[in-house]
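Structures for review follow.
What follows is chain A paired twice: with chain B in the first complex and chain C in the second.
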Partner chain A sequence: MSYKRQFYPGESDPAKARRRIMDPKVKLRKLRDVPMEDVVKLMGHRNPGEDYKSIHPPIEEGSEPDCPIRKLVTPIDGAKAGDRIRYIQFTDSVYFAPVSPYQRAWMYLSRHRGIDTGTLSGRQIIEVRERDLEKLAKEYIDNETFDSALTGIRGATVHGHACRLDENGLMFDAWQRYVWDDEKKEVVYVKDQVALPLDTKISVGKPADMADVKKRSTIFRVDGVDMRDDKEVTMYQHRIHLLRTLGGYQPFKFKGE
Partner chain B sequence: MAEKEKKFMEAVSKKFTEAPTEVSTSYYKFGGYKQSKSKVAFQDAAMKIAAERGFPMMNEDIGVPLGQRSWMPYQLSHTDIFVEPDDLHCINNPAIQQAWDDIRRTIIVGLDSPHNTIERRLGKEITPETINTYLETVNHTIPGGAVVQEHMAECNPALVYDSYVKVFSGDDEIIDEIDSRFVIDINKLFPEDHAEQLKKAIGSSLMQAVRVPTIVGRVMDGATTSRHAAMQISMAFISAYKLAAGEAAIADFAYAAKHQSITMGTMMPARRARGPNEPGGIPFGYMADIAQSDRAYPDDPGRAALEAVALGAIIYDQIYLGGYMSGGVGFTQYATAAYTDNILEDYVYYAIDQINTKYGGLCKLDPRDAEAVMNLAEDINGYALSSYEKYPAVMETHFGGSQRSTVAAASTGIAGSMATGIADVGVNCWYYSMLEHKERLGRLGFYGFDLQDQCGSANSFAYRSDEGLPMEARGPNYPNYAMNVGHMSGYTGIPKAAHVARGDAFTANPFIRVAFADPALQFDFANITKEIGRGGLREFVPAGERTAVIKG
Partner chain C sequence: MMKPPAEYAGVPLPEVRITTNRLLGAETTEKILNGLNEIEHIRQIHVSGESLPKTINSGPNKGLDNNHTERRMITVCGNELELRHMVGSFYIELNVEDEEMLEEAAGKIKDVCDAFIEHGFTLDIGRYSKYRPSLRDYRGV
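The block that comes next holds the complex of A and B.
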């Protein structure tokens, strides 16, 4: 019997949402279409139309050392071209942002090659070669993992994930990189991810209804789905802790489970 | 049954105008940093300094605009003192500095070995009278007085007034013979049962609690404490017992002071680039003994654990990891979460209620019953995490995930300790909290949590060197804790909670326990958050000041 890849236990909505975003066979829903030029501007690593900066010659030029690992791994496009490694960083509100930082890490690692992620309490950085980053950034700004009110694009001064929401339901941002357009009832960015002013406002669309994000969020909360009510998730969390406790530094001596 | 009034309500109600349960608020309209008296004063001072020196200094208008949210005051837990966050920075707070000064400048030196040398080798009699004479002499030499040479520079008493030597012993008969001005009286300072435990543990040894001047530690380093004590103790013996200054036997006094003594900081490996007797070397059990709440408030085990947490936060997280190891100014905001606003207080007292009502009382839970321990941990951690979720004002108060992770894990760890009386169970519950927290919210703390807290279940019962130690003997220097910013507070509370629950008079070291009971110390280790608050309010008077030798 061939192994069938599993992603996450549990039957609750957050558990299902976790399985869904981690499974690379699931195509994530596209909710908006932010032009690539605007994505590039939001990240602020290069101007639209500007050449990618290189940190090494294209691999095809044959300057790579003779290395069996390099022969095994097919390079991603940016690596082939010698692009710099740049980043996008998302901040996810505790108030039912569609995804939270660890699920971002799991999702990225399950779906993409050639990336590096770092996870903190409020934010999740993803670093990758620049031309690959741009494709990836557009995908994750456009799709269901991004909510214009509860997700932020922030390079620095990232806190706000645990602050209450403002009168328009937006997550706090000390730099006010995005503001509420009351006329269009949507969120527009006026600064890039390191808070440099943008020449033109960039719309990231209308926020989702709270009932909708609450239903599809990966976050367990007492005012949504309490993790303790998902018996299978709780069982596995207990099991992980217990086995680590009993196994200690000598798991080979631990018999049983 | 109606929910109990939350202990954090006063603090969060003072921070925000909205109800603590309200998710929605307003931002960006409060006037920036100008809503903070402290920041306005900083700006005024910095502008004046810049004008005087002719080039820029600090400027609150540089960087991210401060004060985009309503500026939050912080309540020192279990006090009615509110201060601004700036007041809790260790550079701004003289009480926090003095707490570390008092720890660093303390060395406990036995008198038994020098007395043996004097009696057996030098043939002189030791009597209560000679001990009293010695103590009067050493209280002249330790601050910086000369006794042997007639043409000597001495320290200005106004600079070193905080320096002294007192003695203690487990033998009441010896203590009764000594001038009470020089005695740390175990019988008077501790509850009766604790006094008996301590006297039994200390035995008939006569011990000196030596306090070298604060300013000595500031000018030199932690290792100086034993050297200063050794030199001045030797001089006092020479003078009090009329000994020959050049005689080889005198070296025994210095040897005893340097090597048959207890400094607060144990030795650290070279890779930490820190000398002896520095904060990274203080085991959690020692720090728990330095915290004295259970001596002054013996019926309040929760307060005892929480005061130990506060002491761990200021010494380990703010001064050691924030200053010694990281540098910069960023750690205050993180570390203070553990001892402000009665949030951890609320969780810990909830835990004590649950232990008493559901788990048979303190130390009644079988530490070998892993399922029961996990159920307790799930109960306490669930309460802590759901409190953040039910009260957005509390969530925003601890707006960093690392703050919430530490505080939730500290309450869960303290609960495990108190329910079983075993500190290692406590630290195992800490790690339970971390795993559950990450799983529940999909977030935890900064990068370091990935390294330290997600593997910690595996080391919580490890005793082999470099893999683990009993929690009482672990410290910031334990390999897996070397980068555990913000965790040290909770780690200090965990062994304290276990031993307080057991009714123990001390956590790791009875000598340290008694030495820090001394009311002559500058910092009151029985009222740690209050002292920090007094520091913030500019009411605390530290030692080590130089005004006596500055004109004007």
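The block that comes next holds the complex of A and C.
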């Protein structure tokens, strides 16, 4: 019997959006084009044009121990060259950000190799070898999972994902890494992800319309799509809850699961 | 024994609580506070919101000036004061004697909010903060 990979139950918009972002066969829409040089500046790990620092000699030099697993796994470019591991961290607002941190983990792990990702309530860190990170960061700043008003690039002091938006509709940031450009009606970064002022402003484009972002968000909310209205999602939530609880406390009560 | 610096009414006077749908910038906060200044029977106004640090408070750039545009001096009733928050709620304590006076003052407060708060707010009447000193007030006295 052939097995077809499944991603997420349900027929509501957030359920469909969750399936979509997790499925590696789906190409995510590109909404903007932030130059690679600006992406490097936003992360602040190296200056544009500077060489990548390395933590071990290139693998091709052959100093690796004889190991069957190492022979089995094809290294990613950064690992081949011995790059450092660096990070980018996105913060997603609860006000219908296109994607929320937990689904970011599902999405990254479903779509990429050689990464380490960690979820917190409002933010999602992703750690990769430096040259691969830059490609990945550009991809996720440019594509539909990033909204200039509701997603932030924040390495530290990420507080704001659950705060009310400001008067321009931007997610609160105590360090004001990005500001609203009232003339161009777009969001502009003035500091890098750890709040070091940038020498030039970096535009990340216009925020999406709230009606549009509500439609394509992966977030269930009572003032959007209530998770309880999606019967299949609720059924699976109950099932997982039941199995985990019984598994933890009364495993002998499992019947036919 | 020394007295704490805060001045409480000692009786639970009614309060109007304004909760805004969006966090307000310094300019809007300044306009609202000056608008409220014209209203009679307001004993004190307490504002709260999200704190804006003066310097970067963690990470590799700790200690660097934050330069947040909404953390600045504002002029309220002719007095300069430093606004250190993005304001999200106002607690307005009213020194009123009956319900009629309360309704009148609350109506005027609503008019000021309608004029300056673009993205909406909720207005509640009740008592939301303490009205007499507690042990906490004596800390450091």
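FYI, the second predicted complex is superposed on the first by the 250 of 257 C-alpha atoms of A that agree within 3 Å, B and C clash if a C-alpha of one lies under 4 Å from a C-alpha of the other, contacts with A are read in each partner's own complex, and residues count from 1 in each chain.
Rule of thumb we're sticking to: contacts are C-beta pairs under 8 Å (C-beta built on N, C-alpha and C of every residue); 3 or more make two chains touch, one makes a residue touch a chain.
Everything numeric in this text was worked out from a predicted model, so none of it was measured.
Participant: Clash or fit: chain B against chain C, after overlaying the two structures on chain A?
Facilitator: When both complexes are placed onto chain A, chain B and chain C end up clashing with one another.
Participant: With both complexes overlaid on chain A, does A:157 touch chain B (first), chain C (second), both or neither?
Facilitator: both
Participant: Return first, second, both or neither, reflecting whether A:242 touches chain B, chain C, both chains, or no partner chain.
Facilitator: Only chain B is touched by A:242; chain C is not.
Participant: For A:233, select first, second, both or neither according to whether it touches chain B, chain C, the two together, or no partner.
Facilitator: first
Participant: Looking at the overlay, does A:90 come into contact with chain B only (first), chain C only (second), both, or neither?
Facilitator: A:90 sits against neither chain B nor chain C.
Participant: Between chain B (first) and chain C (second), which, if any, makes contact with A:122: first, second, both or neither?
Facilitator: Only chain B; A:122 stays clear of chain C.
Participant: Mind working out whether A:172 is in touch with chain B, chain C, both or neither, as first, second, both or neither?
Facilitator: In the superposition, A:172 contacts both chain B and chain C.
Participant: With both complexes overlaid on chain A, does A:220 touch chain B (first), chain C (second), both or neither?
Facilitator: first
Participant: Looking at the overlay, what does A:180 touch: chain B (first), chain C (second), both, or neither?
Facilitator: neither
Participant: Compare chain B and chain C by how many residues of chain A each one touches, and report the one with more.
Facilitator: Of the two chains, more chain A residues are contacted by B.
Participant: Touch check for A:194: first (chain B), second (chain C), both, or neither?
Facilitator: Touch status of A:194: second partner only.
Participant: Superposing the two structures on chain A, identify the stretch of chain B from 58-66, 166-174 or 328-336 that clashes with chain C.
Facilitator: It is 58-66; the other listed stretches have no clashes.
Participant: Considering only the contact definition stated at the top, list the common interface residues of chain A for chain B and chain C.
Facilitator: Chain A residues touching both partners: 157, 159-160, 163-167, 169, 172, 174-176, 195.
Participant: Which stretch or stretches of chain C touch chain A in the complex?
Facilitator: 20-25, 28, 50-53, 56-61, 64, 66-70, 86, 88, 118-119
Participant: For a test of understanding, state which residues of chain A touch chain B in their complex under the given definition.
Facilitator: So the residues of chain A in touch with chain B come to 18, 92, 94-95, 99-103, 118-122, 157, 159-167, 169, 172, 174-176, 195, 218-223, 226-228, 233-234, 237-238, 240-242, 244-249.
Participant: In the complex formed with chain A, which residues of chain B make contact?
Facilitator: Where chain B meets chain A, its residues are 18, 22-28, 64-65, 68-69, 370, 374, 378, 382, 385-386, 388-390, 392-393, 395-396, 398-402, 404-405, 428, 431-432, 435-436, 438-447, 450, 455, 457-462, 464, 467-468.
Participant: Can you tell me which positions in chain A touch chain C when the two form their complex?
Facilitator: Contacts found on chain A: 155-157, 159-160, 163-167, 169, 172, 174-176, 179, 194-197.
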